[in-house]
Structure formats: C-alpha cells, structure tokens
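Presented sequentially are two complexes of chain A, the first with chain B as partner and the second with chain C.
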Partner chain A sequence: MKNIIQSIIYGLVGLSIFGWFSVFITVLSISDPGPDSYIVGFFSDNIMSSERIENLGFDNFAEISSSFFTTLFFHMNLTLIIITASTTIGWCIVSHFLNIDAPGKAKIYAIHWLIVSAIFIGLVFGITWYFTSSTTYPAAEGITTSGQWLLIFMSLLIYVVPYYLGVLLGTARFARSSVLLANKLPGGF
Partner chain B sequence: MVIRFVSFLCCFFIFFGISYAKEDCNPEFQLAKFPSIGQVDSESEDKPVFIYFDKSLSMQGYTKDQPGVNNLYINVIDDLQQIAENVGNKTFYHEFGKSIKPIKENKISQVIKPIFYECTDAASECNNQESKIHLPFKIAKANPDGTYIIVTDLFLSSKQLVGGTLNQLTKPLKSILKKGKSVGIIGVMSSFNGTIYDIPKREGGTVSYTEAQKRPFYIIIIGDQKEINQIKKNLEEQHFTDPEDKFKFSLITSTPILQNLNEKKLITEKYIKNISNADSFRFDYSDQGLPVYKFETNKKRKLNFSINNNEIIVQGSTGVSDFNINEKLWVSQETKCKKINWKKSKFETISQWSQTDNKLAVQLFKEVSLKKLFRGMRYFYLGEIYAQKPGTISEETFREWSIRPSDAEEFKEGNPVEFKTLNLEKIIRILNSVANDEFQPTLIASIALDFNLTK
Partner chain C sequence: MKNFIIGIGGTGAKCLEHLLHCCSAGLGPDNLWAGMVDQDEANGNVSRTKILLSKYMNLRSNLRDEAKHDLSKESNLFKTNISANNDSVWLPLKGADPTLEQVINYNVLKPEVKDLIDCLYDPEEKMQNLSEGFRARPNIGAAAMLATTSNEDDPFWSQIYKAIDAARGGEQVRVFIISSIFGGTGASGFPNIARRIKQIQQEKNVTSNFHLGGALMLPYFNYEVPEENMDGELFAKPEEFLDQTKGALEYYSKLFEYNKIFDQVYVTGWDPLSKLANFKMGGNLQNNPPLFPELYAALGALRFFSSENTISENQEIFHIGKNDGNDILWSDIPNVSNSLNSKESISKLIRFAFSYNWMYGPALTGSWSRIKKYQNENWFKRLIFKNTYNNDTKTCEVGHEHNQEIILLMQEYCQDVLTWITDMQYSTVANTDQKMDLIVSDFFSEFKAKNVSKRVNIKEKLNASEKNQFNTLINDSKNLKLLNIMSNISYKKIYRDQKGLGVFMDILFRSCEQ
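Moving on to the complex of A and B:
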C-alpha cells in the first residue's frame, strides 16, 4: 500500500512538471482571459476564422472570445485534465498488480502500456475533436480546419507529455521495463 | 380571497403579456419609404375623350364583311363610341391621315362604313396611306387631362420609325408617361375585305395585297390606367367572349408595378413556405408597417419567400425583368432583449431571386447560407425588394402578329389569309423603351426576419 501511495505521488509529480500549464489555461479560461490577453490574440491569429467573424459584423475574435473560453475551452480542458490524471494515476496503481514473477517478464507488459497509451492518445484526440466540432458549442463554429488540427496537436502535446512523465515516474519499480525509458531511472528512485 | 387571487393572477398575466409584447428589440435602421405607385387619376369633372380614326385607305377593308368571318371592327367601333361616352363627359371625334380633322356629328356613324375611308380630294391630296399617328400623341401631350383613343391598323413603314419622324412620336409619349399616364394597346383580329397598301418590297418600293380575309386593327388608349382598364374590360366582356376571337392587350407604362405590398399589409406568414412550423414562430407588423417573422431555427431550414406576379405587376404591362434586393443583417451574441447588442454584418448579397411566369421567388439566405452563421446568436434580417428594370412581356405578346419589312414580300407571296402588321413588334419595342427610360426602381416589398439560430 505504501508503494502504491508512493507511486501515486511520483505520478502526480511527473504530471505536474508540465501539467501545471494545462491547469493554468483551464483556470484562465473560466476566468475569461479578456480581449487584450495573449491567448485571445493567439487564438484570433491561428485558430479562428477572422473573415467569418468580421463578416458577421464583429471587429475581431476578441469581441466574442468570452463565450469561447468560458464554455468550450474550459469544458474541453477540464475534461482532458480529468482523463489525463485518471489514466496516469490508474496506470501507476495498476502497475503494482502486474504479474511479474520472472526476470524479463516486465517487458511483456510494455504491450499493455502501449495499448493504454494509444487509448489515451485516442481519447485526447477524440475529446478535442468533439469539442471543436460539436454543435453543442456555438463558439466552435469560428474555428478553421487548420485551427482545429492545431488545437488537436496542442492538446496532444499538453496532455500526452505530462501523462508520459507521470507514468514514467509513477510506474511500480518492478514494472518499469514496461514503460519506455523508465528502466533508465536511478535504481534508488 | 378567491377574488383577490383571481385579480392577482390577472395582473400577473397582464404584466407578463406586456413584457412579452415588448420583446421587440429591433436594430436601428431607416426603412425605405413606400413609393406612391400607380395612377395619377385626375378627378377633374370635365374630362373629355378624344377619339381618332385612322382614315388611311388600308382601313377600308375592315368595314366590308368577309363571308364566314366575324367582323369585330364594326361591332367594336360601334360600341367604342358608347364606352367613350361613359369614360368622359364629352367626346370629340377626329380623323387622321395626312392631317387631323374633326368629324362632323352627322358623319360619326360613317366610320364603320366604307364611304368614310374613300378619298374625295384630288389624287395628289389623296395620299391617305400616310398615317400621322404621332399627331394624336402630340395633342395628348398638350392636354393630358383627356383620354385619347386612336383606332388604327398601325401599319407603319420603317421610315416612320427612324430619325425625326420617330422623335415626333417618342417625344410626346415621354411627356405623357412622365405625367403618370399610360398607353394601352388593344389588338383585335377582325375580318378584312380590302386592299392592304404599302407592303415593302425587298428591292425597294411597295406593293399592295387584296387576298387577306383577316387582319388585326388596334385601339390605342392614352390616359389613366384605370380608364384604360375600364375600356379594355368593357370591350372584353362585350365582344371577346368567343374563344375564337383573337385579341391582345398591352400596357405601355412607366409604372408597371401595381402596388407596394407593405402599404396595405398584404404580406402574410404564408409568403414564406412552412415558416409557421418553426419553433417559437410569431408574425407581426411593426409600427412602420414592416412584416417581421420571428422564429427559432436550425441551419437546415430553407427560407423561400414568394410573391405572385399578379400582386405586383400591372396586368398587360411589360412586367419586370430585373429585381434588386437591398439586404441587411444584424447579429447579436445576446439573444435576450435586455442585453441585445446588434452588430451590422458585412454581408451585402444574402439572398437570390428568380422569376417564373407566375411568381417571384426569393431564396433567403441562399448566397450567405445559414451554415455560415454562428449558432447561439440572434439575427435580424431586413430585405427590401425593388423592381429594377422593366420587362419585355408586351413585345412577346404581339410578336405573333408582327412582320418585319424584310419578310413582308415573302409573306405576301404566300397568299396569307390572316395578314400581319408591319413593324408591330418594333413599334411596341420603341414605345416600351420610352417607358423604360421613365421607369424608376420601385420598392415592392420589405420584410424582416428576427431569428435565433439553434442547434
């Protein structure tokens, strides 16, 4: 039990190395970043269709950014944070229950880890896709196709890297060979 | 206690009823004024009617019966005099050919007899194949209060339709139309038993033809649309009841638009197909007389607004060949009236129109599809439909009875029983072009859509 709790803590530490950024943008979203913020400018330049927005009579994306960030972007990031944290912690716990009773057997569980990681990547992809093209969120309509792909790429980057670092540090010591490069960690860690 | 409760309920519902009724929060815009369409009907008590009979020799054939063929000329002209007396309080009769002369009262009845068209002057003076049709137009220009009826075969040579001679016709016509008057042309196919003169030959010169058994004559009426229609209606009811009787009607007017549909609040919810099925649908007229369709819709809805041609186009007129829709669209992120914040969109062409024989169909949001708009927002659309350019319906109506000078000789050589009118289509085209010059783009209808775009 002590080892599991230790794994969870290591996992959370791994998550938080880069994961703070996703928490930061989620908090920023719910508090409405405001028209002059950097993030609104970035979205206006790279994600949203300025032409469509301006044709409707708005000066730019900043004018309607509030509903985009406080609903769509907040909900999407919150969902992704929950999924990422659950998958990371889940793997850290499950790794303690893997039946590794012989040397070299841990490597077999690399397949399991790869499957879990692939499912996780698929979930991140699917969740971002759903939010950016769903009819539930009117704000999604201003997103361009290239903007949608950029958002998917960014989501993968922001959530897969913390997940990997989380499982890298949080996987049970005897199962580290199942996680890419985890066996390179110092033995006492 | 019960009474108090009922009173409370009444007050509650009245309050909310008023709140709901005040949900109108349209953006600010200047609605185009309804134009004063229609006829300048002079209500003068002293309204003379002038009737002009073409005395050219070619007209004589109408007065002689052709066995087995209905002679409408005699019947119509006989009755026309009676109809004219009803339209105005005093009727003046004239004959025209080389010049205009009044017809003595005792000779009026002779216009349906061959003797009236015989030339009794010296041969050199008897050039009564020449028809100075522009003269009645000139008189109509000078005295626009009267109604002018011209009875003619409208057989005009090409030389009468060019240069200065043409100007003599178009100039007064322009002035007449400017004063809000119109020109009605009723063509009647009648029996004919005589000679048609001045048929142009291909190599030059003219030839005559005596074999025709039928030939159209024309009654040209210059006056108010109301009077023209009255005369046409009377003739139609009394003489053109037999399906075999061929008659055509065309109205040359600078105002082929019948009315503005907003003025009498003629637009109803049915003008947009299936719109009443939309969620939260309401249809009201604003204080400015603007019909407003309010509803909630998804992006799949088709918004087709259509108007029957007979509601907007004067029957028998050239019609309208081009329409223009002045469109504006406002968008608000907030849908509730309290927080509404309209932004005017940059879209200029939002809808597309098409016209069939029966109706004008406007496909709203065809150019800028609803798919291009954002859900969750409120939209206010204002469309003002203008008649932009007159049509050519009347030319098409008379095309069948028209013959071009270059084809006249060949046509004659075919020994036709039913003879056509020289340059008729060209004459109508000339008259129409004068009317078109005077045409002003006219507002037909204005509509507004106030809708929320949902999932």
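Moving on to the complex of A and C:
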C-alpha cells in the first residue's frame, strides 16, 4: 500500500508539471475571462468564424465569449481533467498489480500501456470533438473546421503530455519497462 | 559470547545440517564454532554436512566482505559467523582401519585384563574394523573414545581448551553437544565427550561463564535390514534401539542425579518412528534423509545459544514434541526466542531459495552480453548494476568470474535448501500415517525414496503454471506471489553498509516476507 501511495504522489507530481496549465485555463474559463482578454482575442482570430457568429445573430465573438467559456469550454476542460487524472492515477495503481513475476517480463506489458494510452488519446480526441461540434452548446456553431482541429490538437497537447509525465513518474518501479523511456529513470527513484 | 557445537555420529551430523540452514535463515547466534565427531569419516550423512558447512562458510565469507560484497550487519541472511577446523570432523581413532584390539593393545595386556576384555566384548567386536564407525555398539565406542587422546595439541580438543580459557578470561562460553542416545558413535561419544569437557573445566578451575548443553535424540526412525549377506556383520539393529535407549536413559538418570554435567539438556523423540526406505551399514552409502525431529535438536541448540536464554544454576532438562495429531504443521516448530520466529525465518529462506533458483539466479548467470538485457530494469539497475559497476573500467562486472562464482554458489545452496526441506517433508512421514504440511513441493521436485544418492530431484526449469504456484509453496496464509517479490525488491531499503552482490542477496531475502 505504501508503494501504491508513493506511486500516486509521483503520478500527481508528473501530472502537475504541465497539468497546471489546463487547471489554469479551466479556472479562467469559469471565471469568464472578459471580452477584452487575450484568450478571447485568440479564439476570435483562430477558432471562431465571424460569419457564423453573425449568422447566430451576434456582431462578434466577444458578445458570446462569456457563454462559450463558462459553459462549453469549462465543461470540456473539466471532463478532460477528470479523464486525464483518473487515467494517470489508474495506471499508476494498476501497474502495481501487473503480473510481472520474473526478470524481463515487464516489457510484455508495454502492449497494455500502449492500449491504455491509445484509449486515452481516443477519449481526449472524442471529448474535444463532441464538445466542439455539439448542438447542446450554441456557441459551438461558431467554431470553424480548422478551429475545431486546432482545439483538438491543443487538447491532445495539453492533456496527453501531463498524462505521459504522470505515468512516467508514477508507474511501479518494477513495471517501468512497460512505459516508454520510464526505465531510463534512476533506479532509486 | 562464544558458542561451540559438536555433532556426534551420523545423527549429530544431520542435526548440524538443520542447524546450518537455520543459521542461514538468521536464527543462529552471532558466532559459532562447529565440529563433528565420527569414526566413520566417509559416512554419507557426515560428508553431506561437511560439504554444506564449507559451502555456508564460503558463501558467508564472500558475502560478508566489507571491501567487496557485504550483506550488512543488519542482514539476517547468513547471520552467524560459523567457523570450523580445516577438517571439521574429528576421528577418535586415527590410522588405517583400526580394530578395538589394536586400539587397546589387546595383545600386550596382562592375562587378567585380557579376560576382562573378553567378558565385555565378543571376538567379532574386538576384530571389527572401526573405520566405518562403531556400528551401534556403544561399548566399543566408549572404549575407543576413552583410549584416544584429548589433549591441547589435538586440533579438535584445542578448540575446547580455548573455549574454557575464554570463559576463564570472563567471556561467556556455551558448548552444545548433539547426538543420538542409540547407535554407536553418538551414544558412546555424548557422555564421554561431555565428561571430558567437564573434566578440563575442573582442571582449569573455571567455575563461571562456561555452560554445557546437549541434545539427546531418542529413537525417531527405523529401517528394515535385508536378510541376505548379513551373517557375521556388526550393524545398528533397529529392534535394539529401544532397549539401548532404556539402558542409556537409566545411565543418564544416574549420571545427572549425582553429577551436574550439563546445564541444559534437550530430549527429543518421535512416535511413530519414521521409516527409512534403505539400510546401509555405514560408509558413503549411508546417506539418511533429514528428519523433522532433528530440526527440534537444532532449534534446541539455537535456543541454548540465544542471548535471551538465561541459564540457571540447576540442571534443566527440556522435552519437546509435536501436537497430538498426525499432521505436522508450522505451529509444531518452536521459536528460538521471543525475538526469533522460527517459522517466519525458515519460510523466508525457502521462498528466497525458490525465487533465487528459478527467477533471479538464472537471470544473473553468464557473461555481461547475456545479462545486459536486464540492465534497464529497476531491480537490476538499483541492486546489481550500481553495486557491481567498476568506475575505473566503466563496466558492470556482474558477469566477471569472481561474481559469477558467488552467484552460482548461491544457486547451489538454494538447491540444497529446497532439497533439504522436500526430503525432510517426504522422508519423515513416508510409510506412516503422519502427514507433513509445511510446504507444497510436488510442482518443483520429484521424490524417490529408494534412490539413496538422490532422493529429491529438483526440476531444472519450471513452466509458467508451476511458477504461478509459488504462492502455495509455504502452507501459511500469506499468499505471497512472485509478483510481490518482484515488487518488494524494487522498493526495499538498501542499508548504508551494503556492498556488491550483498545488496541484491539481502534485499531478495528481505523481500521474501510479507
């Protein structure tokens, strides 16, 4: 149990190295960044289509930014944070129970890790896709196709990197050969 | 505190075998001098213990070397510093094929003394070749023992003299003798050697700090003697064991009543007797299996040496036995002291032997080109690579000859442990109603009672399903799996003074407990 708790702590440390940024933007979105903020400008220039916004009956993105960030963007990031944290911590815990009972056997479980990672990446992709194309959120209709792909790319970057760092540090010591480059960590860590 | 143990005869040697394994498991005292007494030097039981003793000392000296490989002072693996004479077996009668007649110079005796000898010994007893022991004739053994020198120049007796001198110098000294009460060498050696030790103590005027203990094995096994080709042969007859024991107990009862020879005596017996499949008169073919009651004698000795054992002024006689039922369980094994749990230590050693023999030993055997495939694994990096890395040559030296010697010697020892426990479990209860349930061994070994030279055959390789049965190896509730061992070795703390292969060996040993 002590080793599992240690793994969870290391996993959380790994997550937080870059994961703080996703928490930051989530907190920022629920607190409504305001029409003049940098993030609203960025979304207006790169994600949203002014034509589609006008079709929705608004002059520009700033008018619907509050609704976009406090609902769609917040819900999407919160879901992704929960999925990322639970997948990372879940792997850290499960790695202690992988049946690695002989020298050299950990490598076999690289397949398991790849499957878990692929499912996770798929989930991040799917969740971002779902929120950015959902009719539940009217503001989603203002997102351009290239904007949608940019958001998916950013989600993958913001959530997969912390996940990888989390499992890199949090995987059970004896299971490290199953995670890409984790076996390069010092033995005593 | 200095400790000395003397195993007399075949039984004494077998009890020492148990004691050595217990010392490997950490149940022994800090230091111990071990010696054996047997006229039958080639005896299979004695040879087996002699080899085991030298293996123990060799492994320990290699793994307790502060410069190269150190298990650490805190480690219980091979805790006891056991020493022995160059030849650990003392032959009471030296010379080629002596007979009793030659030993007592029968031909030059006065006629009246000759007549007395003729009354005490049959003609065949006088002419019996004694190079293969006293053949269950304590009367021969007693005469032979008394005829031998026991002076300070003899390497065996010099140790006793040193022990008594150490006691006179203020150091606590404990000497323990183990033998059977029946048979030849043991029955004759036990009282005679004990009395001689006591005599030396009195001669040196040592009245304190010196304690003598002993374990007497009452009959605990028998065997069937083949009828062919036995005419005129002298050999141990199992049907005489009980009568011999009765006589011996009467003798000891009187001895103990009038003379305090021993401080503590441990008496062990077994009912029903274990039935050995093969009978051999002596020599290297007499290779009897380790039996459970001998473990009691060994644990008695370790209890005697324990620092928690306070020895009173009065002579104490302890009896030990298992539960009333026919099942022999872990709970029948007594603890050495409050702080030394026999069951936990022995089961840890067995688990260590299994995991080393089939999992880690093979992974560490061979040249670096073969071993290096594990170099990125945590256990290897943390316990092996770092500790066998040579900064000058910038190489990991685990595959070097001197390291490989230790790795292979440990594997051999682990096979000895597995053979010992398996043989004991099967042989103690074979052909009786008893059942021994200490370990499950059928998945890693084969037992052939009739094959004296190799009763237990340890499988060279195990398949995955056999390895998976590791959690059932010890009959306890721990359910320790190989996965848990792998996990434990990656997390157990490395002691500061550990070095070289000592790091891995101790961590693996400690990882074998829950």
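Definition applied: the second predicted complex is superposed on the first by the 183 of 189 C-alpha atoms of A that agree within 3 Å, B and C clash if a C-alpha of one lies under 4 Å from a C-alpha of the other, contacts with A are read in each partner's own complex, and residues count from 1 in each chain.
To be clear about the criterion, a contact is a pair of C-beta atoms (placed from the backbone, for glycine too) under 8 Å apart; a residue touches a chain by one contact, two chains touch by 3 or more.
Since the model is a prediction, treat every value here as computed from it, not as a measurement.
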Let me test your reading of the model: by the given contact rule, A:67 touches which partner, first (chain B), second (chain C), both or neither?
first
So, A:3: does it touch chain B (first), chain C (second), both, or neither?
second
Is the number of chain A residues in contact higher for chain B or for chain C?
C
Applying the document's definition of touch, where does A:101 land relative to chain B and chain C: first, second, both, or neither?
second
Touch check for A:173: first (chain B), second (chain C), both, or neither?
second
Now for A:136: first (chain B), second (chain C), both, or neither, which partner does it touch?
first
First (chain B), second (chain C), both or neither: which does A:44 touch?
neither
In the overlay, answer first, second, both or neither for which of chain B and chain C A:184 touches.
second
Indicate the residue numbers of chain A shared between its chain B interface and its chain C interface, in ascending order.
none
Which residues, counting only chain A, touch chain B once they are in their complex?
52, 54-58, 64, 67, 135-136, 138-139, 141-142
Please name which positions on chain B make contact with chain A in the complex.
329-331, 333, 343-347, 372-377, 455
Any idea which chain A residues touch chain C in the complex?
3, 96-104, 106, 172-174, 176-177, 183-184, 186-188
Chain C contacts chain A in the complex at 359-360, 363, 373-374, 376-383, 385-386, 467-468, 470, 481-483, 485-487, 489-491
